[in-house]
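Per-chain residue numbering starts at 1, and chain names A, B, C and D are given in the order in which the chains are listed.
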Amino acid sequence: MSVNVGNVKDINENIISSPPTGIQVIAREFKKDKLAMFSLIGLVTVILGIYVAAFFLDQETLMKVSLRDKFAEPGDKFFLGADQGGRSILAQLILGARNSITIALSVTIITGIFGIAVGLITGYFGGLIDNIFMRIIDFFITIPVLMIIIVFVVIIPKYNVVTFIFIMSAFLWVSTARLVRSKSLTESRRDYVNASKTMGTGDAKIIFTEIMPNISSILIVDMTLSFAGNVGLETGLSYLGFGLPQSVPSLGTLVSYANNPLILQEKWWVWLPASLLILLLMLAINYVGQAIRRSADARQRLG
Amino acid sequence: MSKKLWALLVILLAFMLVLGACKGSENSSEGNTETTPKETEKEKEEKPEEKTEEPAETSEFPLIVDNEGEAIKGGTLKVALGTDSPFQGIFSWVLYEDGYDADIMAYSSNAIFATDGDFLVNDKGIATLEVDQANNKAIVKIREGVKWSDGEPLKIEDLILPYLIIGHPDYQGIRYDGDFQNIVGAVEYHDGKADTISGLKKIDETTLEISFQKLSPAIFSVGDGLWSYAEPNHILKDIPIGQLLESDAVRKNPVTLGAFKIDKIVPGESVQFVRNEHYWKGPAKLDGVLLKAVPSTSIAAAIQSGEYDMTAGSLPATKYPEVKDFDNITILAQPELSYSYLGFKLGKFDTVNGISVMDPNAKMGDVKLRQAMGYALDVEQVNEVYYDNLRSRANSLIPPVFKSFYDSSLKGYYYDKDKAIEILDGAGYKDTDGDGFRETPKGEKLEIKMAGMAGDAIAEEMAAFWMQNWADVGLKVVLSTGRLIEFQTFYDKVEVDDPEIDIYMAAWGTGTNPSPAGLYGKNAAFNFSRFTTPELDALLTAIDSPDAFDPAFRANAFREWQEYMEENAQVIPTQFRTAIYTINDRVKHYDVNYDTEFDLNEVELTADAPAKSTK
Amino acid sequence: MTGELLTIKDLHTGFRIKDTYYDAVDGVSITLKKNEILAIVGESGCGKSTLATSIIGLHDHNKTKVQGEISYNGLNLALLDEDNFNKVRGEEIGMIFQDPLSALNPLMRIGEQIEEGLIYHTNLSKDAREKRVLELLSQVGIPKPKRVIRQFPHQLSGGMRQRVIIAIAISCKPKIIIADEPTTALDVTIQAQILDLLIDLQAETGAGIILITHDLGVVAEVADRVAVMYAGQIIEEAPVDELFSNPQHPYTRSLFNSIPQMNSEDDKLQVIQGLVPSLVKLPRTGCRFSSRIPWIPARAHEENPILHEISPGHLVRCTCWQHFHFEGERGGSFQ
Amino acid sequence: MWKTILRRVLVMIPQLFVLSLLIFILASFMPGDPFTGLITPESDPNRLEELREAAGFYDPWYVQYYNWIVNAAQGDFGKSYTYKIAVADLIGDRALNTFWLSLLSVVLLYLIAIPLGVLAGRYQDTFLDKTIVLYSFISYAIPTFVLSLIFLFLFGYQFHWFPTTGTVDIKYDQGSWGYIWSKIYHMLLPAITYAILGTTGVIQYLRSEIIDSKSMDYVRTARSKGIPIRKVYSKHIFRNSLLPIAAFLGFTITGLLGGSIFIETIFGYPGMGQLFVQSITSRDYSVITALVLLLGFLTLLGSLLSDIIMSIVDPRIRID
């Protein structure tokens, strides 16, 4: 019922004698938010678990069709049942999750690196470089990304996981670049940057050792959110049939079985585990992202 | 904190339970002892599959259904059109291209010929056909007193009009084809050198004489360029051909000859038909038909909840598992005019000369290899598991519906792994480098690239299964582009003889004219395997030769051709298909037989609303 | 001698950090008399702003606990609930804020923002309210008030905005005005104008003003009485002339010493090193300044330092002042 | 202001031009063409070739592009190969459907999201807030198609609360009240699904905006005036937090248009998204190109609209 008018900032300054670094703030935020901590640990465990488990699975054997096991119910033979081709859902879940996460992660990293680099450089140097890139970015904004990705998927003849990653990356770096540019633009006008410039520090050094650390928490938030978004996009495209080739296990393909009403209603083991996994992954990513975002914004910190 | 996650799980599980509960428990309906005779009859049909999960045999499905109950007066038949996109709504037999439009037009048909079980024209339709073989002429006579849905009488001009539309220079459709050019004067008319088609002659008010360049037995299957629909000349004559497609006379209020006429259309989604009072067989008993487009994912649920009486056109076989347990419908099955096949690329199409040229060094050139691949496929298991035997192993390239031409004694290819191995061993395909796959007799690595079509819900599993089948006999088969190829790209690649394709799995719909010349002839662009020999051409010519007007000769020609195809195995038929129809229990009588005289004007309903399924 | 307007007795305002409350204002007792400008000085974080928000009840109730007595007109403001406080706030006590840039709602017209308080505290009709708003604007020296009421904050300069904020604070003729660093964010010339305005207003209305500032120059110019705060406590309180001429507490002295003297020959400023201890780490017993003057022996401090009246109206906390000398200076009697 | 708008609109032209070039080149690389879909043993391959020739598929792409752009500049985007009507007419109908669906979705979305966001922000860190945040995360995390399918089967087929096909009941005459209601009724289920799935952004944004606003100095000023707390919320906090949301409207609508692919495909709703997927499958190039262009144009328009709304609601921002 109250309005937060107390001098929270004053107090924070009071409590903390020296301004903490980004990582320390983030760590403290996680310690305070049990749910975020739980999510982070869960996320890391699940992802590691999936990769380790997938390492011991042989995709070729597991993806072998066995017609008589069509939609086998969960039981002794298949812990989580089998799909239409009589293939273990559990194995597909693990391999699919690995594929989906690998794709989302790769896309996030590629778009992250590219977007951050472009954003930092244009924001820092401004002028002609900025102008040119802004025109390019302006153009990219007009592109209906989902549609163009679909068109590309149809065109590419030798189409596989790698090409899929590149197609997605080609159109998804723009928002990161835009965000980073605006942040680095304001950051570049700050006194500490000017001070460094007058001291003759190289541009590259200023960009990467001074500006980048100062906007790191925003970058992390952006990356976590785009990771979540990429998981969603990959599964969505796979659902529409413009994602991964069907023979490659993917969470989206498993979920898309729900398109068949019979399976939706009666064969829950086919689509539900994958849906839940996506749901939990996204929830965890969001809680982690939220904690990081809070640490980037003093006003929203927990105590 | 994990409590929340559990709460979430509970919500999702609750969702599932609701979904499950809605399906209803099977026990409750079994406990119902008051069974009407009809229900017991149906249980008999369904029991075997329920108990043993053994799929039903095709023959177990009826072609005709008769439901108990007093017919109500009038009523509206509710029809679901299973399509994932809005229908195009081109309600003209000369202009439409999409099968869904044909399914819709079936309720207000403009067909003038009736056909028998072999799809040959008989004398039960609006028009009769007489063939003057010697003079390459056909004489079409129409009944007197037949009227259009607007009350205008049917005239000979209405029969001539479709030819004038198709042949017109402004006509943009696919029906101006080789067959059509067989009509005397069609080319001149198309090129603008003549005002009309000289081969069409109005003899009197009820007789039309059509002259052809040549005639084949296909004329009796409405082939050779003969057109089997009328167009209302009194309506269309004032509309320029180029603007027909967009005209209201085609899109909104077409005038028709069938049992029902279109009353109202919501473009792309629904059509309201009302009884055609002028129908020549007598007005329909129903008040009308309401047809709605329903997404294919939800069509089973719509049938189950009694929103529709039936579907326009058949239900895809893969939908069968979804509807088989419903107790508010009877499932009718009708053999389809199509077959699936495995094709081998054996050459290239010489586009300059328009002929197929075989490549003597083709990877799939060894007939033994092809035969072995045919025997290695366990199509039988796929049919049983995925299609509930609604598809059966094909033994011939002629679907069994063509009773006079189909030969059930043909052995065809069937699953025999040992035989496949034996053939391969005998032909010198041996695994010389120990990688588990056979090499060619010359000792070269053999990797066969297969093009498969994406789309079908189970296409992926089937393709994987075929490749496993071949791997089981030691043949390495991989997918051409690493994945299944969707329809458009598939035919684009197959058509241009893409070197990435060694074999391909596809299907042909035969239409009502089973003549295979267009698919396997030397000049046929659709002869995708590019296999051609003088013997084959001779066999194909025989089927459509003047001699073949003798049914016995033609049947024999078909048989010889089928045997030749089986022997050379450039295409191996894999499956015959069965179409299924779900008919709601309130429909008194329905019939999907090809050779009975059932007509839509006879349909009656026994209740005000379609029955709901308790399962 | 005029009467007492506001009496604060043993006020504690604590912030909650991990379920424990830490007092940012720790036992402050002070009175404000009519017609008086009471200045509260201290460096940032000493609790002076918290004191101000506690008086006007603008602290965060979820995270803050106020104990003690703030008696005004027979009411203990510390015990009032939100609804009752609203009758006092604005009507009896007005507040002027530090940053005129952010203290006005950027999306609301000036007139509306001044009028808001009038709606709830007066029975004036709409026209009368508008008249009053115009009057207020002229009173705080804004030219063309008719135009200004239609304008948005961003269209005014900093000084103008601060005048608007003052107009808001005095709109209902409050008896007490709390000014929290009213001039910090302004140019020097504007600062002087605003201070003059404050003095004028006080002369006109007779309100008591609590002026919170860290600027001793401002204090010298306008205040009647000064209280110096350190780490949540008042460590020295005296009439302005007395304090400036005779500062006693080591902290007060170091504050004065930190002002560079124009005529001083000595370049070196005599200042005390170190920082105000953080709220959590703050020792709750003994003299809070002792850690910053380690060269003063422990026995010079009181065990529970209290304010001692060393001359009429001049109060100093603890006894350490008697022994204090700047580092390097001659020691006191303890040596 | 009008000058700025005009300038922004003029800048769009080269952007759209580049976009059209890109999509045109991409489309020409797509394997297959609309006539491949007509292959049956009864169709004549020679006739298919003739039709391809007539449609200009054998011209070099720049010739095709030139012909196309010249016509497009005059508002003629060609004919749909599948539907045989002018692309503009075809898309016009579908775009209208999508537009109404999006509008209804936005209305529902704001109806759901604004109260939730406001509550979460006002009662920050309470159980209510945590529940709302969890809801918003779930609605973000749940795959669109899973929720859509569940809703469709539950509320469409099991409970019969909503119609499951089409956009209008055929029994009503165009323009009547029954017709309008029937249209809305048909859109309701997809719109609700859409709204539920789309709330995350608005809730999150509003929540943090309100939390931010609460600690703003002007809120303290308002409170110091001694006005009731609910007035402080309604006149200062909510109003200031909601304004940026209003400015989101442009982006939200274009976002919904882009996301319509999923919802329309699942609910069988004949809008632009569904048309796009279908045109991709049937290689209806003229439709694909026009749709991508239209969406690009709408995206630009949306951002312009947002800027205009922003300048109207926020006195600090002026377009000049």
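Basically, a contact is a pair of C-beta atoms (placed from the backbone, for glycine too) under 8 Å apart; a residue touches a chain by one contact, two chains touch by 3 or more.
Here the structure is a predicted model, which is why all the values come from computation and not from measurement.
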Next item on the list: Would you kindly say which chain has the C-alpha centre located farthest from the C-alpha centre of subunit A?
Entry: C
Next item on the list: Write down the chain pair with more C-beta contact pairs when B-D is set against C-D.
Entry: B-D
Margin query: Taking the mean of each chain's Cα atoms, which chain ends up nearest the overall Cα mean?
Written below: D
Item checked: Cα-centroid distance, subunit B relative to subunit D, in whole angstrom -> 38
Note to self: For subunit C versus subunit D, what separation do you get between their C-alpha means, in angstrom?
What the structure shows: 54
Check: Centre to centre, by mean C-alpha position, how many angstrom separate subunit A and subunit B?
Finding: 46
Note to self: Measuring centre to centre with CA averages, how many angstrom lie between subunit B and subunit C?
What the structure shows: 90
Check: Can you list the subunit B residues in contact with two or more other chains?
Finding: 4, 8, 19, 22, 297-298, 301, 486, 489
Checklist line | Per-residue multi-chain contacts in subunit C, two or more chains | finding: 58, 82
Next item on the list: Would you pick out the residues of subunit D that each touch at least 2 other chains?
Entry: 31, 138, 149-150, 153, 220, 223, 229, 265
Checklist line | Contact footprint of subunit A on subunit D as seen in their complex | finding: 12, 15-16, 18-19, 22-23, 26-27, 29-31, 125, 133, 137-138, 140-146, 149-150, 153, 208, 211-212, 214-215, 219-220, 223, 229, 232, 237, 258-259, 261-262, 265, 276-277, 280, 288, 291-292, 295-297, 299-300, 303
Next item on the list: Mind listing the subunit B positions that touch subunit A in their complex?
Entry: 1-2, 4-5, 8-9, 12, 16, 19-20, 22-23, 297-298, 300-301, 321-322, 381-382, 385-386, 454, 457-458, 460-461, 463-465, 468, 479, 481-484, 486, 489
Checklist line | Of all residues in subunit A, those that touch subunit D in their complex | finding: 1, 3-5, 8, 138-139, 141-148, 150-152, 154-155, 157, 228, 232, 235-236, 239-240, 242, 252, 255-256, 258-259, 261, 264-265, 271, 275, 278-283, 286-287, 290, 297, 299-300, 302
Next item on the list: Report the residues of subunit C in contact with subunit D in the complex, numbered from low to high.
Entry: 56, 58, 82-83, 85-91, 94-95, 97, 99, 102-108, 113, 116-117, 119-121, 152, 154, 165, 168-169, 171-172
Next item on the list: Under the touch definition given earlier, write down the residues of subunit B that touch subunit D in their complex.
Entry: 4, 8, 15, 18-19, 22, 84-86, 88, 90, 95, 97-98, 172, 174-179, 245-246, 264-272, 290, 292-295, 297-298, 301-302, 304-305, 307, 486-493, 495, 508-511, 513, 516, 518-519, 524-526
